[in-house]
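You will see chain A twice below: alongside chain B first, and alongside chain C after that.
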Partner chain A sequence: MTQMLRSPKLWLPLVAVAVLAVFPHFMGYYFLGVLTVAYYFAVYAMSWDLLFGYSGEVNFGPTFLVGLGAYGAALLNTNTALPLWLCVVGGTATAVVGGLLLAGPALRLRGPYFGLVTLVSVLILSKFITIFAGVTGGEIGLALPNVLSISSSGNYYWALGFMVVSGVVMTVIANSNIGLILEASGQDPTETEALGFSVTKFKLLAFILSSLFSGIAGAMTVFYLGTASPGTVVALTVTIQIIIATVLGGRRSIAGSIIGAVFLIVAGEILRPLGQLSTAVVAALALLVLLFYPDGFFGVLARVAGGRR
Partner chain B sequence: MSILQVSGLSKRFGGLRAVNDLAFSVDRGEILGLIGPNGSGKSTTLSLIMGIVRPDAGSVRLDGREAAGRRTYRIAERGIGMVFQHSRPLKRQTVLENIKLALLPNTIFQLFSKPDVMRRAREIAERVGLGEVADALPESLAYADLRRLEVAKTIALNPAVLLLDEPFAGLAPNEVREFSELVTQLRDEGHAIVLVDHNVKAVASLVDRVVAMYVGEKIAEGTPAEVTGDARVREVYFGGTFDEAEPGKEQIKEALDVESSAEAAAKAEARPVMLDVKIESVRYGKAQALRDANIQVHEGEFVSVVGLNGAGKSTLFKSILGFVAYDGDVVWQGTSLRGRTPAAVTDYGLGLCPETRELFRYMSVRENLEMGGQRLAKPELRESLERVFELFPVLRERQKQAAFTLSGGEQQQLTIARALMQRPKLLILDEPTLGLAPLIIENISTALERLRDETGLTILLGEQNVTFALKHSDRIYLLETGDLTWQGDAESFIEEAGADFL
Partner chain C sequence: MIHLLLQILVDGFAISAIYALGAAGFTIIFGVSGVLNLSHGAVMVVGAIVAWYMATHVHVGVYLGSLIGILSSVVVSYLLYWLVIRPIDRSRRIAAEEKEVFILTTTLLVGIIIQGILDYIFGSNPVTTPPIAAGVQNFMGVTITNNELLIGIIAWVVLGGLWFFINKTRTGKALLAASMSPTGLALMGYEIQRVHNLLWGLYGLLAGFAGVLLASFLGANAEIAGTLTASAFSIVVLGGLGSVPGSLVAAYIIGYLGTITAYLVSPAYTELPGLFVLVLILYVRPQGLFGRL
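Right after this comes the complex of A and B.
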């Protein structure tokens, strides 16, 4: 036990969270706003990595789940008098049900076909939003009557707290028996079945967990931004950013997802003066990391730390 | 009643009848050897029992309950465990955690297990001889230890029936002994064991009963001695038909007409060396697949590399073509082929017919052939097509059919024909008789003879069907578990090496 307490795996994240928690005392609202977005983004990335990193399924539709959570919550908020937290619950439920409807049949497919189905799901959702523009606000989006908090530090703490809770829950799952079985399912489904595990059941579970966290994150994001629009929670560019963030940070690591997401969002802000070129620069950077450090930032950090020990 | 009863089991893959009306049973405390040459459907049978491949027909009863057609994990839950031919452990987890995986229940509601699961995992690790490396990562393990890990995982399941797919492949003799002891222990504890191997001799002392398979069918059943003495089995392993159970050397020579081979070999050796293989070593991760392979092929010569499944024949050919990295060198008419891509090697005039055929499944027969001849100009292409159709008339009839709808024999003919379309100077054939009926093998024999007579094509053949190799070869190399152990002409092969090998 004492050995566990001394392990950097435990105190490093604690120190990191403590440092992040004091940011609002000396950071401006602009910087806090950027980090708030980055934290929600980190949860999108973690949820995606739960599927890709552990069960080995490439989901090209994380924004299908995020979008369902976001729009589910936004529509409830604009059309009903439900309190904000119930709207978040409703949005999350939409994401989970949507995820189940998608993954149920899609997980029967192997290899690239699963990815293709998820990709199509995003396209369908964004078309749906455009077609029913009267209800959904179409391309422009929906303005929400409620927000999580009006202060930038309040919003910052909501996002940080949510990210930390999600990170802890997903870390526990990843290191549990279920994480072990999921990883086996991803690496060798045939042998995993022969060991007596229903691979489909475990992959479905992973997809539901991924939907759950993506859904909550999507719902909370719109209550931070005050609007739900395809460009921020559904578009394929967002999907690509989620994938880049996870891979940049490092596959199969929750901390990596956070590092990747924060890097991507902050780099996007810093490079904003470059205009259209900024996305190209970030993409080129991602490409370099992928080519030379396929384990991502976290993999490099872990190797450096491991080497020193 | 037997714990596992298989009856009427059948499976077709396109035109290939992989398993046909197979029936056998195993009792508790018994080891059944499922034996047959490469391609006879043994591994498919295990996959069918395990539910990895769905049977077309037949029944698999476990303790009287039907299991055929069930999902794999259900079958595993009922009490069948399988040790796969290839080890694919979780790379980021320790040996112990890999074993732990097999001890976990199939539930999504248990996040963590009690400490006794880890204790049990350690016990199993000790038992199979992995005690010292229990906390190591699989990548640091020796090849034999990786195989032990697979066995450990299956022991963890504690299945009533254990399926072992070629458990001894790639192991050293002392490791084989240890493994055999472990298998015997498991039998004595009351497990029923089905063990697949391609060689009766290797497992004769271990198994209680043998079922011999050939081209998907059971051809003999009984004690190891009974099966080795069986006329059908001998025919399958020797290829030809002999009157006596133990044919004399003279008889073999006569049946195969090899008298002239010594002269032919001498003549061929006078010609310049076309291909000079000087491969020092080929490794697949931890397993050494090939050691000091020195092979020369002279112009116009027919050279065979014979050896059992797993001896390294395919590895040798893949190395020559540049699909596999090796230490040493391969020299083609004075030019080193080392480090060149398969495409470049093919351009020099080497054509390979791979063991796995690698046809373009959904293309028609004609399209497959045109792919082979895609570098040829129109008139040359037409001429080459005409030529291979003449050699293999059945392909002309099947021109428009998709390749995967062909029978096994037709597919093999198409494979050879496609390689010939490249107009190679050296044709490399990897196990062309694999899983084929005698009549089809005869067809291929005739085609090869015609090719040599009419064009003087140089051929390098890899075979486990020794009779087929003896019939055609000027010279023979014997490959055993990665080592070349003998070389000479066909006649001396029968005199010197044949008895041991056959």
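Right after this comes the complex of A and C.
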């Protein structure tokens, strides 16, 4: 027990969460708003990492799942009188169904072919949103009658709580046998099958988990923003940001996803005066990190910490 | 009715030829070095925008401007190879099974960087280079601009040149051999680095040509880079990764499906049928029309 308490793996996250939890007491609403977005983004990144980092599937369609969750919840909220939490459940269910549809080809296809199918899923979803603009609000988006909370600290705690719970659940999954088998099937599917594990079954599970968390995150994001629009939850640019955040932070690590997402969103805010150039600068930074530190920020941190001990 | 059909046939011909050119470069790169270049659209757009800028702001004329545009795509292609692809290929810190993922992510990032820079310098309004040929032709009641006709012809001449180069010249055959077995080629005493130098130059040329012709036919801006990459990707997968004839056929399928939809249904739906066909093909025949698994 004392051994466990001494391990930085356990107390560091606890300290970090405690520090984040007191932020609302001395931070302005603007900064809290930026972090709130970053926390939801961190969950997108974690769910993407679960599929990509662990099972090695290059999924170009995280926003297909996020977008389904977001629009499922938003459409329920504008068209029915259901309470907000039921709308979130409905949105999540939509995302999981979408994930199962996507998993169909995923179990048959590999590598670039799979990547393309997921990419196409995002393109088709965003086309549908534009075509059925009468229901979905099209490019402008859908304004929602309800929001999670009207206070910035309320929203901040919702996002932080959600990120922590998702992070803990996904860490447990990743460190369990499921995570190990997924990692093994990503590296050598044939050998994993030979050892008696059904690669198909575990990949399907990874898909369901990934779409579950993406769906909840997407639904909660729109209830924070008060609007669902393709530019914030579906567009390919969002997909790219999710990929950048995960890879920057370091793959196969939940903490890495969080660091990457917060860095990306905060850097985007700081570089906002640069206008269109800001995306290019963030991408250039990410490219440099990938070329020189392939393990991302978290990999560097882990190495520094490891060297000291 | 027959009039509309002819119009579709003619319009689809030129746009599909441009698609085919772009996709040919994309598929050759994949066939020889296994790189899926997600910055493909951006490399095309560089050629398009530089050609437009040279022709309309530096006043060097359309032909010289287009040539400079194509050359700038070649330069970008080489930069991409030497600064990103080659270092990753040779890196010892990246595990072999992860290289594919790294190349996908980094080329995606390169695409975003190019797109952002172009957007910043030239703005996001679509630009169209002046037509390379003036006048129109009337054919059975259908009006075809000479420009469109010439674009289709140039695209096919370049594709013919590509076929001749790969199948009939010694250097081109080395490229073909490298796509089948790089190790075999190296054992025959051929320097593989030369193959790569050739490959990325050829790729830049093809992407540049496609970009320049696109700028003259439909116009281009930085924002369409992503769509261009996605369409090249779809065409190449539909035709079978690595197969040049496959991507030609697929380019025409996607090109005509889009043109038919644009004329008969609505321009807003142009990309949808192509995407559905693609998903369908992947379900039934994952290796594409002409691909080997």
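Convention: the second predicted complex is superposed on the first by the 309 of 309 C-alpha atoms of A that agree within 3 Å, B and C clash if a C-alpha of one lies under 4 Å from a C-alpha of the other, contacts with A are read in each partner's own complex, and residues count from 1 in each chain.
Criterion: a residue touches a chain if its C-beta (ideal position, glycine included) is under 8 Å from a C-beta of that chain, and two chains touch if they have at least 3 such contacts.
Just so it is clear, the structure is predicted and the values come from calculations on it, not from any experiment.
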Quick check on the superposition: with chain A as the shared anchor, is it clash or fit for chain B versus chain C? clash
Quick check on the superposed pair: does A:Val300 touch chain B, chain C, both, or neither? Answer first, second, both or neither. neither
Looking at the overlay, what does A:Val172 touch: chain B (first), chain C (second), both, or neither? first
Is A:Gln187 touching the first partner chain B, the second partner chain C, both, or neither of them? both
I'd like to know which partner A:Ala21 touches here: chain B for first, chain C for second, both or neither. neither
Have a look and say if chain B or chain C is in touch with more residues of chain A. C
Touch check for A:Gly56: first (chain B), second (chain C), both, or neither? second
Return first, second, both or neither, reflecting whether A:Ala280 touches chain B, chain C, both chains, or no partner chain. second
After superposing on chain A, check 42-50, 78-86, 114-122 or 186-194 and name the one in chain C that bumps into chain B. 186-194
Overlap of the chain B and chain C footprints on chain A, residue-wise? 187
Partner chain B, residues of chain A touching it in the complex: 172-173, 176-178, 180-181, 183-184, 187-188, 190-191, 193-199, 201-202, 205, 252
Under the touch definition given earlier, write down the residues of chain C that touch chain A in their complex. 30, 36, 84, 87-88, 91, 93-94, 97-98, 100-102, 104-106, 108-110, 112-113, 115-117, 119-120, 124, 226, 230, 233-234, 237, 241, 268-269, 271-272, 275-276, 278-279, 282-283, 286
Applying the document's contact rule, which stretches of chain A touch chain C when the two form their complex? 52, 56, 58, 104-105, 108-109, 111-113, 115-117, 119-120, 123-124, 127, 130-131, 187, 236, 240, 243-244, 247, 275-281, 283-284, 286-287, 290-291, 294
Can you check the complex and tell me which residues of chain B touch chain A? 50-52, 71-73, 76-77, 81-82, 84, 88, 90-93, 97, 100-102, 104, 106, 108, 110-113, 153, 157
